[in-house]
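Consider the two complexes below, in which subunit A is the common component and subunit B and subunit C are the respective partners.
The block that comes next holds the complex of A and B.
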């Protein structure tokens, strides 16, 4: 009996020691804090895609901290600038993981750059939630470590746009213009999947993101006599295309993807209101930017960054995009319980399925699903008023191992 | 391009005690680095050493031969893709794959050099710039070979049984190859060929009068320069597992050009020092995202105003002034 008691006591002590050792091995976790690494483009020509998105994530973590943190631990964040450049992004990630010893990562607004960190993150088994990069090349084929919580993948952006054009605007032929880069290639693949299902013909033109004159590709598209024009580019080529369409008297619907809407006020200034007579923009949030359903997010921003909020064009259009990934990270940490480990958080992420109240669709991962969001809404925009269109449109694209 | 004062060979070969001390300190830092620092610092060190080799390549064509080239990001990219693909496709041992990358880049460099023979100054700059842009387009669109806009995953390098999976594992190899390329560049610079390069740089007419084949010399300079840039590409694959065409554009060319010019045109130490100093400045400035472009621009303007011959010429001048002052 005595021997049994001693044996049981030793087992308990050994178990405790083992769990303490396991806990001690988890970087970035203390009794009072959980350290996470945030990164995004905070400088350079692409900062519009990341600056206020990072701000949004930070303010959400601050909110959680004010409410008591996660199981009593406060979130401590370290922010790095990745300049939207692959080498700098890898440097930022390695600094956060090895020097700052963060528990997990939440960052990246640039899809081509985030893929460069994939092998490193997987080898080091660091849980990584992308900020607002679609990063399809990092998300698929799926790994156990990389998740896109905001991420409407580019496959889903393209697919949902075709769904809207076919179902709401009765398009039979779609003029489709994308970038000749990773973004564009992924988007086209998703668009083609939904076009085939809807029996829609795509007339495709691919342009360089740095194109200065869009006359030739636009004329080629118009020659195909499309019912709708889909523009899937970054902001600058998008503005050139919308302006060129107006100049050449094109008056059929134009739908601009979420990637081209960095600053709507800038778009209006660049193209003029008359160019936006029959114009729709895609939005992955539940409402138009600044709309009633997103008001709490905008109010939170005003309270967190009063100086920035007082400036024109702030918050930037993409600001709320930092919220979903921060929500997903917080929820995974909560679900992982009071003694979180990286493995527990990763398990929680794989099972995550919730309505954020911020995104158009549910935030849902799965065994092979790493881009949480596949749904978007569409907004008619005349340069002044935003009118959300009825319905939520969801891409059909799903990952299939090749 | 710039003019330099001829230095007697013996004086050039002599290494001053200060230079020797600096070399010893550099060697100590290189050896001690992996012991005391994290993988992040080693990653930055690896990246800087790759840029050192890339700058050495540009030094051959600009600094030694006085020709203008804005295609180095392209040659670098050719080296990355060629070595990665050779390694992946036929499982070539990585050093052989690196050599293959350098040879492919060198062959393309010879071709471009031959085409650009009749051009000089701004025309040559524009022609090489156009080539660089065309190559970036090829990287982004030749899907079946480069994986196009999705970028190419680079398989981990293998040296016999050792598979390189971390920056620290790659570091000794990167240091070795960097020192090797510094040695090769010094050897080229001190050879008959190097003297021909400088003769062409100083005066083509005088060089021709001495029996130097100007066209041949310029083409060889382009080829060698491209091969060294290609080799730098192979070194990149030692520790980096992914390459995207976006990283091989005009921005990279300008970065390398800035490093060489600000380090000091016509000097190997300038090319090496420029790469390290400006690589480090760039990394340090990431901590000040709101102001980094202003600070970086300000530093460049100050260099152009107060050290137009480059950082190392400036330091040398100050040392000489201090010595004369003491006397």
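The block that comes next holds the complex of A and C.
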């Protein structure tokens, strides 16, 4: 009897010790706080893609903290500048994981750069939620650790654009211009899936992101006599193409992908209003930037950053994109329960399905699904007025193991 | 591709190529005049071009200064920056290290400094357009569409090149510069002030770069990385023959036209490769470039 009691006591003690040891192995978790690492471009030529997105994520975490935190723990965040550069981004991730000992990561605004962190994150088994990067190359093939495309994946960007062109603008032939890199290839793969389903012909031109003279690709697209022109590039080549279209008297609809709309006011300044006579922009949010449905987010920004809000061009176009990824992180931590571990959080993420109220589609993951949002809306834009077009357009692209 | 379309592509390719080529030619000219007199390939030429563009943008758009102030102010700033760089930095480097490679490294240093300075101002973080000073309405030349701005770019570039050729061939200072290029010691012996001549040459190369920036900035959108266009100017200089001023000009036009024709007749993806293919072709057929002199072998 005595031996049994001693054995039971020892088992309890051993169990307690083991659970304490397990708790101690989780970095970034204390009784009162959960430490997370945020990174994005806070400087450099691509800061418009992420500076205010980081601000949005921070203000959402601050809001959660004011409301009592997660199971009694406050979110403590550490922010690093990745400049949208692969080397800087990997350095930021390593610093956050190894030096700052964060529990999980929430960052990245540029698709090509975030892919560079994939191997490190997977090797170190750190839960990583992208900020607003699509990072399709890091999302597929799916891993247990990387979740993203809270704004939208590049596969879905291209596919949803083709859907809109075919269904709303009755396009039979689409002129399609993308970058000649991995980012452009993801776009094109999504577009081809939807073009095949809609029986639409794609005339494709791929250009270097650093192109200076877009005359040749534009003339080749025009020679294909497209009903609609889709521009799926970053802001600079996009502006050059819109300008060239106006210069050469092209007057059919032009649709600009969300990746090319970093600053709409600057776009107008660069191309001039007459170039935007028949012009549509893709938007992955539930409403146009600053629209009625997004008013609470913009009000939150004004309260959190009064100095920035007073400056022209702030908040930047992509600001609200930071909210859904922060929501997803908070929700995963809540669902993981009062004693979160990285593995519990990852399991919670795989089952996540919620409406952010910010983006056009639901945030939904699954066993093989790592891109949260696949839906977009479209807005007619004449340089002054934004007119949201009816409907939400969703890409058909899904991951298939090769 | 039918014949009619091929003809349109050919005409448009040549017209657009002449416009962009004129800017490559100006930058190539700036590179070659320095190389001929200092034997230094100036790797900061692109950043000088970029920084001059941003000075003009700052004065004209952000300070709302009249254009008749902005243009000379930009040219003077470019001249002074390059002349002083030659006088203060390169002369010092040349004194402490005899090897030319250190001068090349100093120009690389200047390129990083200029790019860093523009980024620090914040202006280089967003692609911007320098307002066109002439209309951008289209005009048809044959079946090619160009704008009034395009014609202005080409015309101005040709005028600037002609002015520089005239100066080099018919003025006292131009002859002095050529003499320095041919034999610096002999030039010094006949009374040419080498230091002053080098400052003038570097200053003039800054002015040419600034003119190129003012011409092309309304078309290509300005970023802190816009100086990378200098790679095409180097390509133009190599194609033309690195020591030949007319070669630099012809090389610029060749690169501009080849870029467009390759994009139109082969693939848009191949546009970035076109200049390097042109270099390879020229080097295989005529290693000294189209206008380079006879090949000489230096004993070392």
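Just so it is clear, the second predicted complex is superposed on the first by the 387 of 402 C-alpha atoms of A that agree within 3 Å, B and C clash if a C-alpha of one lies under 4 Å from a C-alpha of the other, contacts with A are read in each partner's own complex, and residues count from 1 in each chain.
To be clear about the criterion, contacts are C-beta pairs under 8 Å (C-beta built on N, C-alpha and C of every residue); 3 or more make two chains touch, one makes a residue touch a chain.
Not measured: the values here are computed from a predicted model.
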item	value
Subunit B versus subunit C as contact partner of A:240, first or second or both or neither	second
Partner chain(s) touched by A:353 [first = subunit B, second = subunit C, both, neither]	neither
Which of subunit B and subunit C A:44 touches, first, second, both or neither	both
Touched partner set for A:83, first subunit B, second subunit C, both or neither	first
Touching partner for A:299 - first (subunit B), second (subunit C), both, neither	neither
Partner chain(s) touched by A:180 [first = subunit B, second = subunit C, both, neither]	both
Residues of subunit A that lie at the interface with subunit B and also at the interface with subunit C	43-44, 47, 180, 208
Subunit C to subunit A touching residues, read off their complex	5, 8-9, 12-13, 16, 20, 119, 124-129, 136, 138, 145, 147, 220-221, 223-225, 228-229, 259-260, 262-264, 268-269, 271-272
Complex interface listing, subunit B residues touching subunit A	38-41, 43-44, 47, 137, 140-141, 148-151, 153, 165-167, 240-247, 283, 286-287, 289-290, 292-293
Subunit B-facing residues of subunit A, complex	42-44, 47, 80-81, 83, 85-88, 90-92, 94-95, 97-99, 112-113, 115-116, 118-120, 123, 137, 179-186, 208
Touching residues on subunit A, where the partner in the complex is subunit C	43-45, 47-48, 180, 205-208, 210-213, 215-217, 219-220, 223, 235-236, 239-240, 247-249, 262-263, 266, 269-271
